[in-house]
Amino acid sequence: MAKKEKLVFGKLNLMRNDVLPKNKKICIGFVGGGPNSFIGYTHRLAARFDNRFEFVAGVFSRDINKSKEFGMALGLDASRCYSDYQSMAKKEFNRPDGIEALGIMTPSGDHYKIAKPFIENKVNVICDKPLTATLQDAEKLEKLVKKNKIVFALTHNYSAYPMLREAKEIIKTGRIGNILLVNVEYPQGYTVGIKKKDEASILKWRLDKKICGPSMIMAEIGTHSYHLLRYVTGLDAKEVSAEINSLSPELSIDDNAFITLRLKNKSRASIWVSSTATGGENGLKIRVFGTKGAVEWFQDDPNHLKFTPLNKASRIITRASGSVSDFSLESSRLAAGHPEGFFEAFANIYTEFADAITSSKKTNYTFPSIEDGVKGMKFMFAAKESSNKNSKWIKL
Amino acid sequence: MAKKEKLVFGKLNLMRNDVLPKNKKICIGFVGGGPNSFIGYTHRLAARFDNRFEFVAGVFSRDINKSKEFGMALGLDASRCYSDYQSMAKKEFNRPDGIEALGIMTPSGDHYKIAKPFIENKVNVICDKPLTATLQDAEKLEKLVKKNKIVFALTHNYSAYPMLREAKEIIKTGRIGNILLVNVEYPQGYTVGIKKKDEASILKWRLDKKICGPSMIMAEIGTHSYHLLRYVTGLDAKEVSAEINSLSPELSIDDNAFITLRLKNKSRASIWVSSTATGGENGLKIRVFGTKGAVEWFQDDPNHLKFTPLNKASRIITRASGSVSDFSLESSRLAAGHPEGFFEAFANIYTEFADAITSSKKTNYTFPSIEDGVKGMKFMFAAKESSNKNSKWIKL
Amino acid sequence: MAKKEKLVFGKLNLMRNDVLPKNKKICIGFVGGGPNSFIGYTHRLAARFDNRFEFVAGVFSRDINKSKEFGMALGLDASRCYSDYQSMAKKEFNRPDGIEALGIMTPSGDHYKIAKPFIENKVNVICDKPLTATLQDAEKLEKLVKKNKIVFALTHNYSAYPMLREAKEIIKTGRIGNILLVNVEYPQGYTVGIKKKDEASILKWRLDKKICGPSMIMAEIGTHSYHLLRYVTGLDAKEVSAEINSLSPELSIDDNAFITLRLKNKSRASIWVSSTATGGENGLKIRVFGTKGAVEWFQDDPNHLKFTPLNKASRIITRASGSVSDFSLESSRLAAGHPEGFFEAFANIYTEFADAITSSKKTNYTFPSIEDGVKGMKFMFAAKESSNKNSKWIKL
Amino acid sequence: MAKKEKLVFGKLNLMRNDVLPKNKKICIGFVGGGPNSFIGYTHRLAARFDNRFEFVAGVFSRDINKSKEFGMALGLDASRCYSDYQSMAKKEFNRPDGIEALGIMTPSGDHYKIAKPFIENKVNVICDKPLTATLQDAEKLEKLVKKNKIVFALTHNYSAYPMLREAKEIIKTGRIGNILLVNVEYPQGYTVGIKKKDEASILKWRLDKKICGPSMIMAEIGTHSYHLLRYVTGLDAKEVSAEINSLSPELSIDDNAFITLRLKNKSRASIWVSSTATGGENGLKIRVFGTKGAVEWFQDDPNHLKFTPLNKASRIITRASGSVSDFSLESSRLAAGHPEGFFEAFANIYTEFADAITSSKKTNYTFPSIEDGVKGMKFMFAAKESSNKNSKWIKL
């Protein structure tokens, strides 16, 4: 057996590549992600990115013929294309080569019930966010995962960008001192032009609170933003005050949220998420200010991190350059200057999920966990409650 | 008499230059701005920038010898260097060539009393911000200005950057449609490293609420930010909710404010001002999002404006290029590509103040007025009250 | 059979996804790319990116045990791991399920001899650049490809970035008018710090002109740059004048080239490539200036294209936004604002190579061809000759 | 007498302000710069910027009435407005309060003859670039300046940007090691759209080689670029090879130049200047690469300097921040984050010219000198000769 090699190229010394531990791939199936699903395509690509998964089964439609047609077009055997998760759970469980891992990318209201039979069969689960549509489901799912000791990953993919992780490492090692102030913003602009008559066809399930939760913008990107804040800083919010509105002219769903957070001690944070920011194109940005320095990362320039030591010139740290830590380097695949992007970050979650399955020790994962999912749900519900109560501070 | 010429250079066709209307300069004096005063230097430079003022008198110290020494070093006649504003007011009033205009750049608590005798003598006043330290003084000053019909300008200098004005024009002419959302941020980092023992020597009068108002960060840059929001959008806030804190480790003055604003109808805004944003260097930014487009301007790149029409590519509009309106072009002095900066914007206020004095019609000024000053004070006090009441919404 | 679906997400309407034409993958093998090879890893990832290839065979070492060990670690069957290309060609040819496509990523001196037996067996070839190490080999390879009518692709991967292609489309449709001026630059900095004693261990085969050609920097990135210029503008150089040097303190290989090019009519171009540009990190940039506008693309910000119509504001066009052409959109996989990078561009070449193999019509490929490879070789040799003759103009 | 004070603001500790050495201004006159002259306006503004000059006399037109009308509109006494430089020289010389300094901003062909009578009367001269239109005039002017020991400054204003000077200081103190490679580029786009019929009205004297020299683009910005290269690096060119063309569709003047330079030892440089770079807006950039690091400065972002130590993260050094040297700080007027621009740089030349006049010691000026002017002329003529000889290398 070839041991997992490091790629060496100049200063680049990478663990992320396509060499298999024990020469073995993990068999995976997916529920969700039919023909026009961007997120389905993304999960499948992320799974094959580092050569770690063999994609063997799936539910792509409630119509068995459509599910088979699409599954075969992805290269599956027709016999492993299913019309519902229940039959998939049962049949895969009865196969000697049944799936070891399941990816779920349906609307969040279905996550718990779909995951349940698989988890009870010890299938490891990687699930899209937000975790569920209700806090009750989230907590039930958490219990189930812990009871069955499976590996569970939540695809808060933004936290897996190498330079975002470099920010985390810089903070963790004390290079910006104690945190004073955090800003996260995620401006998007996609709801501004939507007409009332097109709302249902464009926004689809996002309009249905039963399957999407109490607040569209909070479910879509509010939970991402809060996870990012927690992931990078290591801090939880104690209280939140929020003003959440529907600003797009013809719509009534939540499309903008201003949230102020009290973290521990004197430190404060703000989160702004919007789909009303005309012209916004996934402009996720995080800035963390401490007593000894500051860091800033922006998704539109994901391969660089700005690090400003107190009273010194800002450093522009490039991914995989000589200035990065091993922690972020291990999430990189390319030499400095060759740009990586969204898919590489998403694939990092999948590959670390694979590592956690393959590895005997199930601790210290860097990917988002079931606990992270539950905390995200609590944040979303607290912010919505605050907004409903005229920005009253709500404890988390 | 040479009429005021336009400079023509390529597409550049400028009104801002050093040609005098009626071949005549306006005599000006200053109160404040001694040897180590940055703001004093800035006002004097702004006054001479476009050749419109003759600087003839001033109070630079309470010690008459020091005041004379410094005034002469600036090129003044010793007889017009004074030790207090009262004697300056009296003596200048008795001269046939006495000052027609007064610049005030003392701490704001003194603005009203200094301005009073000059205004009563029909001297026009240009005053640093914030207007005063109390709402009462602000309102008394407003009455005085209106009663005496003098020209009054407040140096909210950021509003005079040409490309900020281009943003105003784009909004005014409907190119971004109805405003949905506004963000203003002004991160600075200068209080982070200050030790308790150095507080008094570094922050000086900023620690004294009597001469600086109820909230250091709100007085310093909160009022600037709110003026900018109003200037660019043409909208006033109806209510504010604020969280204002002291985050710098060893200090107790306000150094960070998160403010949410309800504007008219459905539109919302946020203002964030800070001196705790480690590494922040006057990073003033404004973004306005509407139903048909968005604009974004950033002081660190002042010669460009980003304009994004709905569902179209962003335009990077350069100052004085073929794409700008006459309104912003008239605030420009240099061809596109040659950078202008802070002093040019400051000088615009002075030159428009001169125009208003020289012109017979006293309307439609583009510079910040006494009313703007009063609104800024109301905003500052409302935000502070909200913060004191646990972020309760306060009406303006 | 599911027809190849378009993914629809907002305005995004993509052809690039993982749906297989006729439910069928293409069997591919690789020669080159052992354990520590970055380029080997890149080719394999590019092949699996869009789910179009089944990787089944390869030569990874001259030592059969090492080749098997590594091949199995990539998931191959041991029986299809070979120690030399000759036996691979023979054995794969004799299998009913033998490879239909071959990827070559050895040093360029070996390309011709490796490709030959496969091409003669009608195996389609995708080959790393530069095409060969001599002009003779390049021309022999061209004849062989044309005689056997196989599909041949050269991985000048930079030309497959979507926004680079948008630049090509803007130029082709006349939006910048007639081309006047072109700049290409590719500054890297990796040779500056190399000590004489480490030269062999770091630069390896790059020191050997027999397997790498007459000029290190020209072979590595000069050919890339010239291909990019030709791809984007549609113009060939008529004459070149070059100053090629070895500037790194302790080295003697070519590490910097300044090249001036006369294109057709009055138009001129410059190409600058370097590994002596300290701190340079794959800073590939192309700027094209025409009678009606200009375009600029920079690898460090690959998801945007700057397009400046004559006398108008620059447009920042975002990949996959509402402003792009179908041509570039078809090379995209992600909605505007989510960054794509180097691997996606590389994968575009592989996927279009797959399309060309699958499709009955073998024309109008967008990927770099055998003719492009030959032109790159002629450019490299002419530039080197010019430099040897004190920058004399050399005809191409 | 007040000694010249330093302004202290936070870390800012500035020498540039409006305090007069010995309470005294220098009387200055100008030849050139009539009503529509941008460069005339710029010189006058630069002279009054730091309060150091009293503008008292000038020639603004050959028509005495026009000259008086314009001069009075600038605030001059009618008796000191002249119609020709000869009478100005004579009359000012006979006044007890005659000018001590002369600014010249006519086309370069007139510089020598205008300067001559003033220099012979010991009037100090500040002159626009290029120095003259012929090498003969340049050398005669140099002799005259040296013989009469007057202070002479040439307004290569770009060299006076504080962060450009910081680049010089970083290089001088060895922080980038030995220089290997230099790039200077200055793309402008103003000739692209000019029609043949408008050529004379737009380009004016630029078409006349007698008053503007052998090559429009070289005189306009080629000399600026070469001065910048020499100023920042401290190196002279030994040989140049150039391709200078007229690329704008309807014009025949030189509008684009690619120049390669051999500096000392192994080091090389390139200069590209153009008015055919459609959309170019004074995009002056300089990059210097050495054995230990690199620096990059761009006029479009003049308040920052990029400094990249070998194998380390790039530093973005901000003007007047805690990271700059005294050398650049002394050219600054504003705290870090408040942008300075073109006029401040131009004013630096004037203020240092004033310092040189006022000071008893006449050495170590930082502003461009008569020798710099002569070297620029030699460069321009050598480059033009090389281009005429099909890019032959020409010694300087």
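Read from first to last, the chains carry the letters A, B, C and D; within each, the first residue is number 1.
Please note the rule applied: a contact is a pair of C-beta atoms (placed from the backbone, for glycine too) under 8 Å apart; a residue touches a chain by one contact, two chains touch by 3 or more.
Because the structure is a prediction, the values reported are computed rather than measured.
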(request) By the contact definition above, name the pair with the higher C-beta contact count: B-C or C-D. (result) C-D
(request) Sort the other chains by how far their Cα centres are from that of chain A and give me the top one. (result) D
(request) Measure off the straight-line distance from the CA centroid of chain B to the CA centroid of chain C, and report it in whole Å. (result) 54
(request) Measure off the straight-line distance from the CA centroid of chain C to the CA centroid of chain D, and report it in whole Å. (result) 44
(message) Please output the residue numbers of chain A that touch at least 2 other chains, ranges allowed.
(response) 280, 311, 314, 318, 321
(message) Applying the document's contact rule, which stretches of chain D touch chain A when the two form their complex?
(response) 11, 307, 311-318, 321-323
(request) Spell out the part of chain C that touches chain A in their complex, as residue ranges. (result) 1-2, 5-10, 12, 17-20, 23, 25, 35-38, 41, 44-45, 48-49, 51, 69-70, 72-75, 188, 190, 202, 280-283, 299-303, 318, 321, 333-344
(request) Name, in rising order, each residue of chain D that touches chain C in their complex. (result) 176, 178, 180-181, 183, 189, 192-193, 241, 243, 245-249, 256, 258, 260, 262, 266-268, 270, 272, 274, 276-280, 287, 289-294, 308, 310-311, 314, 390-391, 393
